[in-house]
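Structures are listed in the sections that come next.
Next come two complexes built around chain A: one with chain B, the other with chain C.
Let's look at the complex of A and B:
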């Protein structure tokens, strides 16, 4: 069966659903407990950002295979306000000091690859990949 | 995580479970430095503990085993906080390096040579409270018989103060060959600062010019601390005050100019508020306190007097300067 699917984020409860989906996918891909927790935390942070700043959006979780490597790609997309100062948002201490959680640098650290595409007034798409080591 | 580390951890845990001794705890603590050095995250340590305990205790209740999954989840943010902390420390080291370069550059840009003048002994000191000095001393040997000096204090401290001070210095340098009077120099610098420095930045400055032929000291002040003049014949101190706004407040500000004549053993003391507003446990010191200190060393040379005052006043602040400290003494020797 081809697994991988997406969850719409509208309420705070959808964050829990996205976490659950992510954990299941991570387990199925073969990640250990610690990496499962890391992937789930990253999903949690991304989903929370959607919920807090864009109101609604989608979290997509899909397995990926590149040559010998297997992994999991998380895509968080919204049509929210976009990020004005990406450099600032990616700075350590910018969001955490405000008590908003791990923030974008946290997600970047939890995952292996991390990419942001954002346009003010259009929305934001964040793609983060974790590889099985 | 390296397999070897995992094996060692399990071995140590096994030994501890048997003895529950302090020695094992001590070894464990030493071992934890290994984890930190190898940048092993706290959640990985819990995971290692989980695997080890599952292998060591055959009939471990499943709830206990599962509970470690909860603990792993709890530790993820701690791990992130640790990584963030480490990255901020690296960033701080980089900033410190930049800062050191800036301090060296400031020192090079703003260095001034003490002029040699017939019959006038000059001593001075300028010490920053933090890394960058917001006070500034500038000497200019205009002719063989005339020496100018400026003592300035940027309202504000640190990096931005120091950068603005460089501008003031180059402003004064540009007047180098023009033989302007103290009030003209202040007017010029005032216009320059008014144009180019942000509204919240002000500079106080005392500018003086000593003429060896006439033994007169002409001075003007832009909102600066009054200078002290010691008259040896009368054994008395007088304040050298002159009216003028801080630099950078008003473009057309005028600066009053005054003159004092020096006799042998008379001296002039120019300072910044880091000296006159020395704070001690009992509050600010009074001007007569400074006068008393000066009296005790009035027969010494100018540099010895300056050093004595600095040592006494910094000792009173437990050697922690609250503000940049600048002091200049001009003493007529013959």
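Let's look at the complex of A and C:
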């Protein structure tokens, strides 16, 4: 299987690098323009959350194949403060930074599978997968 | 001894240049010289070897002007720092060999020769690398400024109607600039309708959307109306999926449709001449 790539998020420009990589991987996997935009936007949201709330972290992008299906897994991990109330965070409009609060619920809708593992004081890992239909 | 060396180099400058070019072409993984026309290679290598010998007679002082000019040129050619380092190494090797062939260096004066060599080549290498880094930083920051200026200007297209075409990635800094230019421009141009064209924005995530909403609100506060145009279909879908509500200000798919609407809103139309 092809090996994925990862990008460290430290500055705002790393967010741009991460989504550029995501767009290329999505193209290569065979996603159309709409899904490419969805995947790129999801990466942008997750990478920015890392930058804003954890300071630094890593975005990993890897192609997957499960049986007949092919897809792309995005993993965003950080060792930041973690999320206290995950249920709230997944509601539209919840923000602690004066943002739109649409990132987390938005990513969940943009992607097919979405999983959050988080522990206060330890960090957060978000895994989101898009399948090729 | 410096003078003898200098003399030997200037007597043999053709040979040195020729050998340098050959060796650079031979063991080069980066093919900068192959990409350049022969005549340019000729003059550039000549300039390089001349620069390399410029500080040999009056030690420690590198010819600043020549250095400036040369560095600018090689940056323009796209030579990498690795390549430049190799160019200097190769030059040293070629000259060293030639000094032996011509008897300038012998086994008995080797030590003294090496001393001169290192106090000659090392500061030169430092100056070249330093100059390269400075020039490159200048170029880099100029490009950033150029991009900023290019990408957030409000253009008064018709009386009462202005357009701001947004091109490229919108980060926090650019978002601020966009807002400033927008408000300043609306007032100065007495615009009643502003078209924000996002055709050239690659990704519209929640942050970009947030900035757009804030910009539109601000425009409204100074008494004008903001219209979002140039929304590609895939971007429109993504925005909806994110759950962002842009119905507060009119959105049209193309700049042309937006312009027609803006004309209508300001009581005008475009008619075709008979």
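As a working rule, the second predicted complex is superposed on the first by the 125 of 133 C-alpha atoms of A that agree within 3 Å, B and C clash if a C-alpha of one lies under 4 Å from a C-alpha of the other, contacts with A are read in each partner's own complex, and residues count from 1 in each chain.
We take it that a contact is a pair of C-beta atoms (placed from the backbone, for glycine too) under 8 Å apart; a residue touches a chain by one contact, two chains touch by 3 or more.
Keep in mind that what you see is a predicted model, and the values were worked out from it rather than measured.
When both complexes are overlaid on chain A, the residue A:16 reaches chain C alone and has no touch with chain B. Of the two partner chains placed around the shared chain by superposition, chain B and chain C are both touched by A:92.
Applying the stated contact rule after C-alpha superposition, one finds that A:48 touches chain C and leaves chain B untouched.
Of the two partner chains, both chain B and chain C are touched by A:34. In the overlay built on the shared chain, the residue A:80 is in contact with neither chain B nor chain C. Of the two partners chain B and chain C, more chain A residues are in touch with C.
In the overlay built on the shared chain, the residue A:105 is in contact with chain B and with chain C.
Judged by the touch definition given at the top, the superposed model places A:71 against neither chain B nor chain C. Touching of chain A by both chain B and chain C, each in its own complex, is seen for residues 33-34, 37-38, 40-41, 92, 102, 105-106, 109-110.
Against chain B, in their complex, chain A makes its touches with residues 32-34, 37-38, 40-41, 92-93, 96, 101-102, 105-106, 109-110. By the touch rule above, chain C contacts chain A in their complex via residues 169, 171-172, 202-207, 209-210, 213, 233-235, 237-238, 241-244. Considering their complex, residues 12-13, 16, 19, 33-34, 36-38, 40-41, 44-45, 48, 92, 99-100, 102-103, 105-106, 109-110 of chain A touch chain C. Residues of chain B that touch chain A in their complex: 41, 43-44, 46-47, 50, 69, 72-73, 76-77, 80-81, 83-84, 87-88, 91.
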